[in-house]
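One structure coming up, written as structure tokens, with questions to follow.
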Amino acid sequence: MSFPLLTATAAVPAIGAIVTAAVPAARRSAAKWLALLFSLATLVLAVVVGVRFDPGGDRYQLTESHAWIADFGVRYELGVDGIGVALIGLTALLIPFVILAGWHDADPEETGSKRWRPTQGFFALILMVEAMVVLSFEATDVFLFYILFEAMLIPMYFLIGGFGDRAHAGSDEKAAAQRSYAAVKFLLYNLVGGLIMLAAVIGLYVVAGNFSLQEIAAARASGELNMATNTERLLFLGFFFAFAVKAPLWPLHTWLPNAMGEATAPVAVLITAVVDKVGTFAMLRFCLGLFPEASKWATPAILVLALISIVYGALLAVGQRDIKRLIAYASISHFGFIIMGIFAMTSQGQSGATLYMVNHGISTAALMLVAGFLISRRGSRLIADFGGVQKVAPVLAGTFLVGSLATLSLPGLAPFVSEFLVLVGTFARYPVIGIIATFGIVLAALYTLVLYQRTMTGPVKLEVAKMPDLRVRELVVVAPLIALLIFLGVYPKPVTDLVNPAVGHTLSDVQKKDPKPEVEAAK
Amino acid sequence: MSASAVHSLWTTAAPIDKIDAPTIEYAQLMPTLIVIGAAVVGILVEAFVGRKARYYAQMFVTVVALVSAFAAVIGLAAGGHASSEAQIVAMGAIAVDGPALFLQGTILLTGLVAVFTFAERRLDPEAHGNRVDSFAAQAASVPGSDSEKAAIKAGFTTTEVFPLALFAIGGMLVFPAANDLLTLFIALEVFSLPLYLLCALARRKRLMSQEAAVKYFLLGAFSSAFLLFGVALVYGYAGTVTYAGIADVVDGTVQNIDPALADTMGNDALLLVGGAMILMGLLFKVGAVPFHMWTPDVYQGAPTPVTGFMAAATKVAAFGALLRLLYVVLPGLRWDWRPVMWGVAIVTMLIGAIVAITQTDIKRLLAYSSIAHAGFLLAGVVAATPSGISSVLFYLGAYSFVTVGAFAVVTLVRDAGGEATHLSKWAGLGRRSPLVAAVFAVFLLAFAGIPLTSGFSGKFAVFKAAAEGGAGALVVIGVISSAIAAFFYIRVIVLMFFSEPKAEGPTVAVPSPLTMTAIGVGVAVTLVLGVAPQYFLDLAGQAGVFVR
Amino acid sequence: MSPVNYLYLAALLFAIGATGVLIRRNAIVVFMCIELMLNACNLTLVTFSRMHGNLDGQIIAFFTMVVAAAEVVVGLAIIVSLFRSRHSASVDDASLMKL
Amino acid sequence: MENLIALLVAAPLLGAAVLLCGGRRLDRGGHWIGTLLAVVSFAVGVLLFTDMLGKDPEHRAMHQALFSWIPVEGFQADVAFQLDQLSMTFVLLITGVGSLIHVYSIGYMEHDERRRRFFGYLNLFLAAMLLLVIADNYLLLYVGWEGVGLASYLLIGFWQHKPSAATAAKKAFLVNRVGDMGLSIAIMLMFTTFGTFAFGPVLESTSETSEGMLTAIGLMLLLAACGKSAQVPLQSWLGDAMEGPTPVSALIHAATMVTAGVYLITRSGAIFNGAPDAQLAVVIVGAVTLLFGAIVGCAKDDIKKALAGSTMSQIGYMILAAGLGPIGYAFAIMHLVTHGFFKAGLFLGAGSVMHGMNDEVDMRKYGGLRKYMPVTFVTFGLGYLAIIGFPGLSGFWSKDKIIEAAFAYDDGIRGWIFGGVALLGAGITAFYMTRVMIMTFFGEKRWQPDAEGNEPHPHESPRSMTIPMIVLAFGSVFAGGLFSLNESFVKWLEPVTQFEHPHPVISVPAITASTVVVLLLGAALAYVMYGRKEVPVTAPRGSLLTRAARRDLLQDDFNHVVLVRGGEHLTRSLVYVDHTMVDGAVNGTAAGFGGLSGRLRKVQNGFARSYAVSMFGGTAILIAATLLMRAV
């Protein structure tokens, strides 16, 4: 019995959450430091996982398996493939920055009753989310995954609804109302998705008799388990619906702008950069892994939806007046790319999609966190309230620009690599869709540059004249992210090496081969 | 036996040489006997023990009775009566088998926890230096009258609630074990009548309490009349009231039908109509649509501890009886009753969830939620498979503790007028006392069936059973309605945590260890069954076989 | 005459009782209607007992009477207390709780 | 020696990194670092050049592979450089002119407190541009391609406090993005066709795919070229780009970046050679832009905008030449280089003038400046003679060849058309450049005190500015002749671009003669219109064409109405749709359940008897249903 590394990676933040929550009200800062400490510990463990993982080895490594609920055919089964490792790394990497960035977000204005400890709660919840997300990336048991997939909604829900953005338009009551509306919307949307999935999960059990990803896959391969076409399709749709809500895919996206708009910037990052990735990850692992035929059957429709998300999200981003909502719609567009890459079913597309998850996480984190700093300074989220910031706070403006450039996937920055891979991968099999999707890059330039121009350039607005530049803590948050963006833009090999074999497995799940280039095909 | 011969039965005093005394297996009946006996003792206590001491005496008797009864259940189960030794006792009147024992155990534990909340006397400020509980000082005195004031001043307390509760529990123990229709009917009445009374005994808001009692009583009696008529008809059909006997006739194993009885004996119309009426009586007790309408009013009006007790224990008992009836008596009629129960389950789930959305009183909200849950349970019942039985058993176990716990929390949130049950009063509770709010949130999440709570395990179990039983559509509808249901559970959570506390908001009373135990047990069971349900699933699984 | 007629009579009584429950306001009367229904059940039971030629039905009838008596005790207690506090025994007046 | 190639990019990149991340402490010496690194890069270029000259023409291409960039199944993108004659030409041009302009900027940006950042951006541009020309595959080229776009975005918008500058920068980037789209689609096509996008494999195996595919790729590349090189229909950004500091206009928007399109087409010669239709498209674009730019140039009173128009037109020449295939590539590049010299010189001259005139750009407020700034006058004048193709100077050699090649497009109507257009263009060029020359340096002074009443005191610019101008002036005078000595330049490029002698529809001397005549006519006309009579300080209303030309032939207005307005409407309506329909559907469902709930609630009316009714009815239904089940 070797050391349960994967369990530990998820357990550390969970313990951290409990410890942090237990800190007495007076010791606010202690809670913060504890949270940071635990998140860093998690990062270390994640790195260890990355080191111990051998890309060339078995599909699932570091596996653990224990009996759990025999009656439901449920086992506590963990295991990671390259994709999982990459995403665990992303999660573990981002959380410390999220915590740092949100350092003061949960300081209570008035110290209410002795028992009311928002700060402790805030950081505990963040760690709880991290634990669940990490574990969901590790779960190779459908039921276990489902449970986490649903359970992580609760802490997220409290993070969104309980700790709104201080910078809001209008009165506190109005803001509180909007916030709880956003939180409820988030929860209900995802809950409905999850419950639909529950039906499918039960159906899967009835069909397959257990929940182990490997066993089911093996059974399918050996042909002792063959689902009726319609059953498979229904089950697939049940799963996909939930993931599409989470991802989010048009037209199930409307919860995201509200949630990201009302939540504090760090929480918004948590939503879009970490939690939503579970959705796309699950498409890759469960939809394709469990229902290959149905996946192929649904591909055209899904690609069209993804395409709509790309263009639609970008266009709406152009039309936004609220910085954070703009970023939210941009994310919708980007998720469109990810999903498109997954269902293009080419190794470029899927490697690109996986890479995209990582890069989008980092770039959005950078952009959103800087935006958060900006907003907290001005006390407003409206683009119109800014102008000429670049003159008074050049560093802030510079980092914001880099974030924007990453968002429009400028070559040399990480997102370009993934976006281009996705485009090429899609184009190779679906040229028309690939070409239309390429319009996305123009629109991306439009909304990011408009945002930058309106906020940062032009004559200095009176309200921002006194705006201080980035503080040390904030620099510590942003600088590494930017460095990472550049590094992965120039040298993505470490990630791609991790991902490629896993993608190969996924493709073999669906029995798809990359289309041959015309010239070779001719030979 | 010919008709004329029958006639001689009561025309001529035929010499009846001997009536052999019935054989009663006291050991197997021990749990019931203990409880009923204790109830009788309780009445004697009322009669002979001094006022001051009664409370403690009653507490003692009740708790001892319930604990020992539970011990007896465990003993029986350990003795294999739940599985291999399962048998029918008391001349075929009562079955001692897995489901019976499992449900009896559940009822006893729930009852015990509920009794703790009955005995809570720290929530209200002391009246004239006397501790007061949730029950009227003197049920007979008119609300607001001098006699009532006098009663309060004198520090009267209605300690009768304990024996009443015991009687009710006694009846509930028999109900799921009843193996003939007569016993079924009697047990029903035995546990209903005390509940009618308990509903009327609220200390605050007595008018509502009495109204609840009247409604509950009238409607309950009405339904039991139907049940009885159903019994009569089925008797007419089968010529016997023992489940086994009826089942034989239903299965057509009895061939020798007296020509004189041709038009009744084996007349399926009688069977179907009668069966439907009996079903109606049971569905009334479980609060299934369209027999649910008493539930919200009664839940709201009754003293909250009683509500919790009713909501939990009654459901357990009633579903037990329902299961036995459907699986032992009417399996031959599966193709007749299943579609009907399908319909009932669907409307129950949907109506319960939908109407709950717009509720403004926490107790009514929970009432409707309990209706929705009845629907989910029915989905498991419809499965008509062994796993269906065990899943329902498990669900009942999980659900009952959550319910008692939730209502126990409701008793804590109080203002000048007693419990502050209007939702608006709960605004910002999370700020004022995070712990209570958090606990209640846990219960709500369990009701909503969020993973890692007992609610999810239960829901998954019944839906899984239903799906295996080929009721996929039912599962989908169940899923949809639980999505709807999620909406109002979340509404409460939003209210507690995300809205600013009101200035003149309610206070949260600090309860005695009694209520704390009730709540604590609730939380513990919720989480344990949520995270590691395997052991209890096994239990329910082994218990999932009826004896015939 | 055939005992079946008794069944029809019983059914009729039962129906009358049920209708009474549905249409009468006074709680006492409603309650009496319920008693009527119970008695209808008794008649049915006895008749069937006669037809089947075994005693179960009659036994049940006795039990039913006892139960009915018990119900009277409990029911009257509740109704009376309600009447005393409201000075009305109309079931329709007792509608504080609704919706 | 190969290993030095990376240094070309590394040096300026380092400079950019240092200057941009360095912070305030570098404010004082930053510009020196920047200039130094630019010069270093130039030195490396020269070193490699000499080394290259040492080898025999066929084996001059050098190659350096650094690391595998994006290793994904079936997809190889490496960071590797290829330095052949074509690339080398660009390297020298870029680093050379670049260094000069760094030097020039030291003086020009002296009083700007953000000078450090300016030099950082310049270095960034150099790095990107060099990467563009030495990349050995299209994807890496794409990186440089967008890199220069970024640099130009930053530099156009360098004075961000001016909304006009910020807008111009954004516009430039967006229009370029449209072009980039073409490039990325082209790359995808290559990938699906050849399974790779490295120059070598792609260009060698063009014969193995259909002409249709080649045409598609070619057209996409053309789209890219149009974006970067400001060719119709994507030319609109170049005029606004003049918002940037003048050195930027000189380096990026005259000498180097805007010529990237020409490089791309020449580099992809093999593809175009296989796709005549694509080539025709290229030629048409070139010809149209050639005239378009020239006409616009005639109408502008803003000296920089006039030069911008001219740039457009000159690049039109190059694109046209590149479209002609092997007969044109070499001349396209040659004109590109000479143009690099004289246009940069002209811009620097303009900058020098503005420097002396309080940044006044309206030529109508100049006049008679030759007295005040002789050096500027002389260098500008030489540049002027070069661009109009005055016999003997650079422009003459390069442009004349292009006109010949155009006449040789094919021995039929096409040759006449495009040859004629090129010839006409030469005349217009002479006209508008003469106009600029006269309005700026001749006639009487026309400037008045501005609002604050401080009158500009024209003066010669400091050394740091004049020296680069002089150097460039030398270039503009002699480069062309040098290149044409027994076709040295053509021979130099031949291994890369191949070369066929053009066979024009009319004899070469005739073409040369007519060119000279045409340009003399143009110049004379300009003299008549602006030299003989006084230039009005406020622009006359002018003819319809003039007014249209002042507004870039209404191209912007078209864009505004169709794209901008249309886009705004689209987004606004989509926002509405998203809110009311997509989101509304969801909220609607919720509200629907709420309403249903409210209605069902009413049933619970509190009357025990109605409850009894429902029970009774329920029982009835139950019984009925059971019986029914049996019946069916």
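Note that the chains are named A, B, C and D in the order they appear, and that numbering of residues resets to 1 at the start of each chain.
Simple rule for what comes next: a contact is a pair of C-beta atoms (placed from the backbone, for glycine too) under 8 Å apart; a residue touches a chain by one contact, two chains touch by 3 or more.
These are the chains along with the protein names UniProt gives them: A = NADH-quinone oxidoreductase subunit M; B = NADH-quinone oxidoreductase subunit N; C = NADH-quinone oxidoreductase subunit K; D = NADH-quinone oxidoreductase subunit L.
Here the structure is a predicted model, which means the values were calculated and not measured.
> More contacting C-beta pairs: B-D or C-D?
B-D
> Can you work out the whole-Å distance between the CA centroids of subunit C and subunit D?
Taking the average C-alpha coordinate of subunit C and of subunit D, the gap between them is 97 Å.
> With centres defined as the mean C-alpha position, give me the subunit B-subunit D separation in Å.
Computed from C-alpha means, the inter-chain centre distance equals 81 Å.
> Taking each chain's centre as the mean position of its Cα atoms, how many Å separate subunit B from subunit C?
A distance of 24 Å separates the two centres.
> Which whole number of Å gives the spacing of the CA centres of subunit A and subunit B?
46
> Could you tell me which residues belong to subunit D and also touch two or more other chains?
590, 601, 604, 606, 608, 612
> Which residues of subunit A are in contact with two or more other chains?
As it turns out, subunit A has residues touching two or more other chains at 188.
> Tell me, which residues of subunit C touch at least two other chains?
18, 21, 30, 91, 94-98
> Write out all the pairs of touching chains, ordered by chain label.
A-B, A-D, B-C, B-D, C-D
> Can you name the residues of subunit B that touch subunit D in the complex?
214-215, 218-219, 222-223, 226, 268-269, 272-273, 275-277, 279-280, 284, 289-291, 293-294, 296-297, 335-337, 339-340, 343-344, 351, 354-359, 484, 487
> Hey, which residues of subunit A end up touching subunit D in the complex?
Answer in residue numbers: 185, 188-189, 250-251, 253-254, 312, 315-316, 318-320, 347-348, 351-352, 388, 390-391, 398, 405, 410-412, 416-417, 420-421, 423-424, 427-428, 431, 434-435, 438-439, 441-442, 445-446, 449-450, 453, 456-460, 490-493, 496-497, 500, 503-504, 514-520, 522.
> Per the contact definition, I'd like the list of subunit C residues that touch subunit B in the complex.
4, 7, 10, 14, 17-18, 21, 27, 30-31, 34, 37-38, 40-41, 44-45, 47-57, 59-60, 63-64, 67, 70-71, 74-75, 77-79, 81-82, 84-86, 91, 94-98
> In the complex of these two chains, what residues of subunit B are touching subunit C?
1-3, 5-6, 9, 139-140, 142-144, 182, 185-186, 189, 193, 196-197, 200, 206-208, 210-215, 217-218, 221-222, 225-226, 228-229, 231-233, 235-236, 239-241, 258, 260-261, 263-265, 296-297, 300-301, 364
> For subunit B, which residues count as touching subunit A in their complex?
431-435, 445, 450-452, 456-457, 460-461, 463-464, 467-468, 472, 475-476, 479-480, 482-483, 486-487, 490-491, 494, 497-500, 532-534, 537-538, 541
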